[in-house]
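Each of the two complexes below includes chain A, the first together with chain B, the second together with chain C.
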Partner chain A sequence: MLFSSATFLFVFLPVVLLFYFVPFFRHEPKLEITKKNAVLCLASLVFYAWGEPVYILLMLISIYFNYNIGLDLQTPVRNPKRRKTVFVCAVVFNLFVLGFFKYYPFAVDNLNRLFSMEIKAANISLPIGISFYTFQILSYVIDVYRGKCRAQRSLLSFATYITMFPQLIAGPIVQYGDIERQLTGRRIGIRKFSAGVLFFVRGLGKKVLFANTIGAVYTEITARDVSSLGLVTAWFGILCYTLQIYFDFSGYSDMAIGLGKMFGFDFVQNFNFPYTASSIKDFWSRWHISLSAWFRDYVYIPLGGNRKGTARTIVNLLIVWSLTGLWHGAAWNFVAWGAYYGVLLILEKYVFGSLVEKLPLWARRVLTMLIVIVGWVFFSAETFGGAAKYLGAMVGFGGLWDGDTWYLLMSNLFPFAVMTCSALGYFRKFPKLRNANVRLALQAVGYAAVLALCVVSLVSDTYNPFLYFRF
Partner chain B sequence: MKRPTAPDSNTPKAEKRSLTTLVCLCICVAFAAFLALHAFLFLVVPDKAMSENENRTLQQKPKLTLSAVADGSFMKKYETYLTDQFPGRDGLISMHSFFATLTGRREENGVLLGRRGFLFERQTPLNEELLQKTTDAINDFLGQHRHAQAAMILAPNSSYVLKKYLPYHIRMDDQKAQLSQVKAKLSGEKFSWISVLKSYEKVEDPTTLYYRTDHHWTTDAALRAFLALSGKWELGAKEKHFTVAAVSDRFSGTLAASYGDRKLRDVLKVCIPNKSEGTYAVHYESQNKTAPSVFDRTKLDQKNQYEVFLGGNFDKIVIQTLSQTEDTLLLFKDSYANCLIPMLTPYFSKIVIIDPRYFSDSLQNITDDNDFTHILFVYNLNTFLADKSLAGVLAS
Partner chain C sequence: MNKLRIKEAACVVVLLVFILVLSTQNKQSSADLQSVFDAVSGAVDVSALEDCAESRFKKEFGLDAQEFDDVRYLASDDVMEVRELLLVKLPQDNDGQALLDRIKASVNDKAELFAGYAPEQSGYLESYVLLQRSGYVLYVVSDTPDEAVRAFKKAL
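After this line comes the complex of A and B, so read on.
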């Protein structure tokens, strides 16, 4: 179930909100929060089963297993060796599940190529959200092992943390430590709920009105023969993709954060205007923040980070970034995309960082965006060959213009300009008013319009004329 | 909001805070009301069976069974059900195409919105191999029927003829060059190529040649092409022998339906020969039905009024006329021919119409039983370049 679907908006969400907010135990706050968690957990299971009726079992097993692991790691340390074994087994098990479902076909394919074998990969579909919830589980297990947090004694609270539907499918990756207290006691109120509504509607607008619209342009451009794509069209296409992926992903994060707020949770911010970054390092501190933080806390620092000398730092960075790439998808172009950032970050750190710093801010921002945009070429292409071809078009192998360039530019100029300004944060403090209440009210009116437009757009997407055109 | 607010410095903090709470409360209530209203509408608005604009049946409420849930088909159907039965769906879709047009967009579902409300379909690219196959088959067929007079009417599409109305001067293929390419591939002793573009030349206002809302040529355009054919075949037809009459001013064709109804309407005309030699019989073989007219008046009450010509597209139609002539015609066609066929009736005693896209019988049976004096092909370029059925039928 997508947040941007009629089923979610007009059936699932109203029912869940109703059960969540109608108090069953008015005078017993402890029972009431348990009920709220139960509603949320049950709703999340339905939400997950809606798209993955079979894999819900996998998730339930995973939850039960890790719940017990947590309790086991928590018991007073008598035998540190055994504790370590339990911990390692748990990490290996979780990584194995992720690896099996996500990377098995990819691994088999590579083995076949490498040794010219012909193993047939069983057709396994990827359980939705497994990359996200596995990382959340790992953060829990590791933090309990390290003694950073206490194990969760209530199975319900633990299951609520793992399954919580707002962030189950596309993040942000909530680390257990950030949310531990909120599981047993959280402030739920009008202000938070209304902030959640605004967050949610903003995210919905980003996804439905921005990402879907501009994504269609990119799809239209790449549907053509790439070798005859003019330079301007190719650049316009990848810029559209650049906007699409940002609005899609950050829109989804906003919706997750908004829904979280409605239920009383505070999730970490996941995007902070990444396209205004002035260096690659800056970009990654603004893009998918929860993922970068996860890799920093659970891979980079345990590997030694930058404390073990330059050579080790470089190796660590390369490992982390290749893994980051691989996390995004089981294909070599994602690994290449991750390694691309790894290499550039190393270069920035040791080679050209000090030179670049002398440039004016606008030049640094343009430079960063160029690197990011070229990165998206690798990210969006399905193969290396495809990426190379597209880069070829971007340097003019297909000429400067093609027949459709003018049409494409003209018919999409207005949405493109609006989205670019929005991605660069020009509307961040809109409208500029001193009176915060009036500003809030005006914003609310604006968001109401956005919500209405989203519904119009969602319904029209299903307009599916079945006409014998060619007749 | 309209209540005048005192300058910030004078407002006590508590009051300001309570005002914030009030605004927040409004937001919460509005959002909840929005969700509840839609959920309520879903419950009360009755489901529809058909979408006329889309020409398809709508998803009905799926049955909740364990197996349907386990394999996920229930969920998929339920999502489709909600969007298909969304309250006020048709209105929202029109609104969407209106807003999209405001932002500068000029294409919906592969249909382009041009100037003066003209809608265009995108062109079929020319596929050399496919074209060669089709033209070879035509040449072979004409070789087998050397004695018959043959001709081809291949109409260009509005996206070429009316190209100055295309949105933002989008570049399309040069159909004139494509037509010459097709012409060069066709040959035959008694074969004539009818240049439709040439027949258009005398027309003062080219916008009368194509519909705004439909992908067909107009009856006026078909008459131009027919008169050119008459010249080649020496049928002696003159413009004054025909009456062109409007039968509908509310015609909204397939392009309008694909774009999302824009309330645009066209005038639909029919062309009737003045000296029709009495009655004729139109026999639809696969339907086992005979009609007394080449027009089907009942279709004017339906969504797709273009079907007033012959009632739509059928695999094989035989028209018997009382015209005093020995001439018989074998016609291969797409739907562009439908409005032209009435013009042919005074000049042939029998017309056999084959639409290769539906025809699955053997052509041999038909050519053995009849000795056709004329063979005609009527197509539009978009369909012709995409056609994969004509070659097979001609060889059957």
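After this line comes the complex of A and C, so read on.
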């Protein structure tokens, strides 16, 4: 089920909110929060089963296994080696689940190519959200093992943490430590609920009005033969994709954060105007923040981070960024995309960082954006060869212009300009009004208009999947 | 072995059984595309349809035919004809999700286009079939989609 679908907006969400907020145990706060968790967990299972009825079982197995692992790790033992064995088994189990369902066909295909073999892999579809919920589970297991968090004794609370539908299928990746207390006691008030609604509407607008609109232009461009694309069209196409992926994913994150607030949770921020970044490092501190934080806390720092000398830091960065690429998809273009950022971060840190810092801010931003845009070519392509072809068009292999360049530019210039300004944060300071009531009223009218436009758009266009669902 | 370890081991066993069942169900068929195509096209009326080039496939679904092991696409040049037949053999490293998404989007677009003024074509679109099985994706818009599905399953 999509957040941006009529079924979710007009049936699923209202029903869940109704059951969630109707107090069953008015004078028993503990029982009431248990009831709320039960409603949320059940609703999340229905939400997940809507598109993936088979993989519900996989998720339930993972939940039950890791719940027991948590308790096992919490149990005092005389022999610390035994505890370590349990921890290693848990990590292997979770990586096996992720590896099998996400990377097995990719691995088999590469083995076949490398050794001219004919191994037949079962054609198993990717369980939606598996990369996100496996990382959440791993954060729990690792934090409990390190003693950073206590094991969750309630299976319901643990299942709620893993299945929570607002962030189940496309993040943000919520680390257990950030939400532990909220699972057993959280404040749910009208102020937080309202803030959640605003977040949600903003995200919905980003997805439905911006991402879908500009995504259609990109689809139109890439539907044509790439080798015949003119340089300008190719650049315009990838710029459209640059906007699409930002509004699509940050829109989803806003909706997830908004829904979380409606249910009383505070999730971490996942985007902070990444296209205003002035360096690659800055970009990754603003884009998919929860994923970067996860890799930093659970891979980069345990590998030694930057504490073991330059050579080791370089190796660590390459490992982390290749894994980041691979996390996004079982294909070489994703690995190349990750390694591309790894190499650039290394170069920025050790080679040209000090030179770039001397440039004016606008030049640093333009340079960063160029690097990011080229990176999206690898990301958007279905294959490595496809990315190379598109890069060829961007350097002029198909000529400067093609027959449709002018038409494409002219017919999409206005929405493109509006979205660019929005992505660069030019609208975030509007309106600067002293009178708080007028500002509030304007805000309410603005959000109501966005919601109305989204509903109109959704009624006429029912299918609009999120790009990040494929991860 | 304490209770927790037994529960953990039970989870591992259930997971392995789950994977085994899934793998058996979704094992790639050894049938070649031509034989599956012959079976399916024999079960539906394709007289009004023509064999389409890769460019038409890309135009309709936005994907490169070369990304797949094999593709056969029958459609009509008549803009008022929605009946079509698509059979795709997936490579091992492709779960077909992108293709399924594009096909669904295409059907929705067409359904929207024909709704209200072309009831016969809308009817065909309402009963479209999109199936992924044993490494193949079948998409049929036809007056006898069930026949196509039966032939497809039998051919695999």
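Rule of thumb we're sticking to: the second predicted complex is superposed on the first by the 457 of 471 C-alpha atoms of A that agree within 3 Å, B and C clash if a C-alpha of one lies under 4 Å from a C-alpha of the other, contacts with A are read in each partner's own complex, and residues count from 1 in each chain.
Everything that follows uses one rule, which is that a residue touches a chain if its C-beta (ideal position, glycine included) is under 8 Å from a C-beta of that chain, and two chains touch if they have at least 3 such contacts.
What you see is a predicted model; the values in this text were computed from it and never measured.
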item: Comparing the two partners chain B and chain C, which touches a greater set of residues in chain A; value: B
item: Partner chain in contact with A:Ile289 - chain B first, chain C second, else both or neither; value: neither
item: First, second, both or neither for A:Phe414, with chain B first and chain C second; value: first
item: Which superposed partner A:Cys240 touches (first chain B, second chain C, both, neither); value: neither
item: Partner chain(s) touched by A:Cys454 [first = chain B, second = chain C, both, neither]; value: neither
item: Chain B and chain C contact sites that coincide on chain A, given as residue numbers; value: 54, 460-463, 465, 470
item: Residues of chain B that touch chain A when the two form their complex; value: 1, 5, 8, 16, 19-21, 23-28, 30-32, 34-36, 38-39, 42, 53-56, 69-72, 75, 78-80, 82-84, 86, 89, 92-93, 95-97, 99, 103-107, 109, 121, 167-171, 215, 254, 257-258, 260, 313, 334-335, 357, 382-383, 386
item: Residues of chain A defined as touching chain B within the complex; value: 1, 5-7, 9-11, 13-14, 17, 50-51, 53-54, 190-191, 193-195, 197-198, 201, 403-404, 406-407, 410-415, 434-438, 440-442, 444, 448, 451, 453, 455-471
item: Contact footprint of chain A on chain C as seen in their complex; value: 4-5, 7-8, 11-12, 14-15, 18-19, 22-28, 55, 58-59, 62-64, 67, 90-98, 101, 104-105, 108, 112, 132, 134-135
item: Chain C-facing residues of chain A, complex; value: 54, 57-58, 61, 64-65, 68-69, 71-72, 75, 89, 93, 97, 100, 105-106, 108-109, 112, 120-126, 219, 222-225, 330-331, 382-383, 386, 460-463, 465, 470
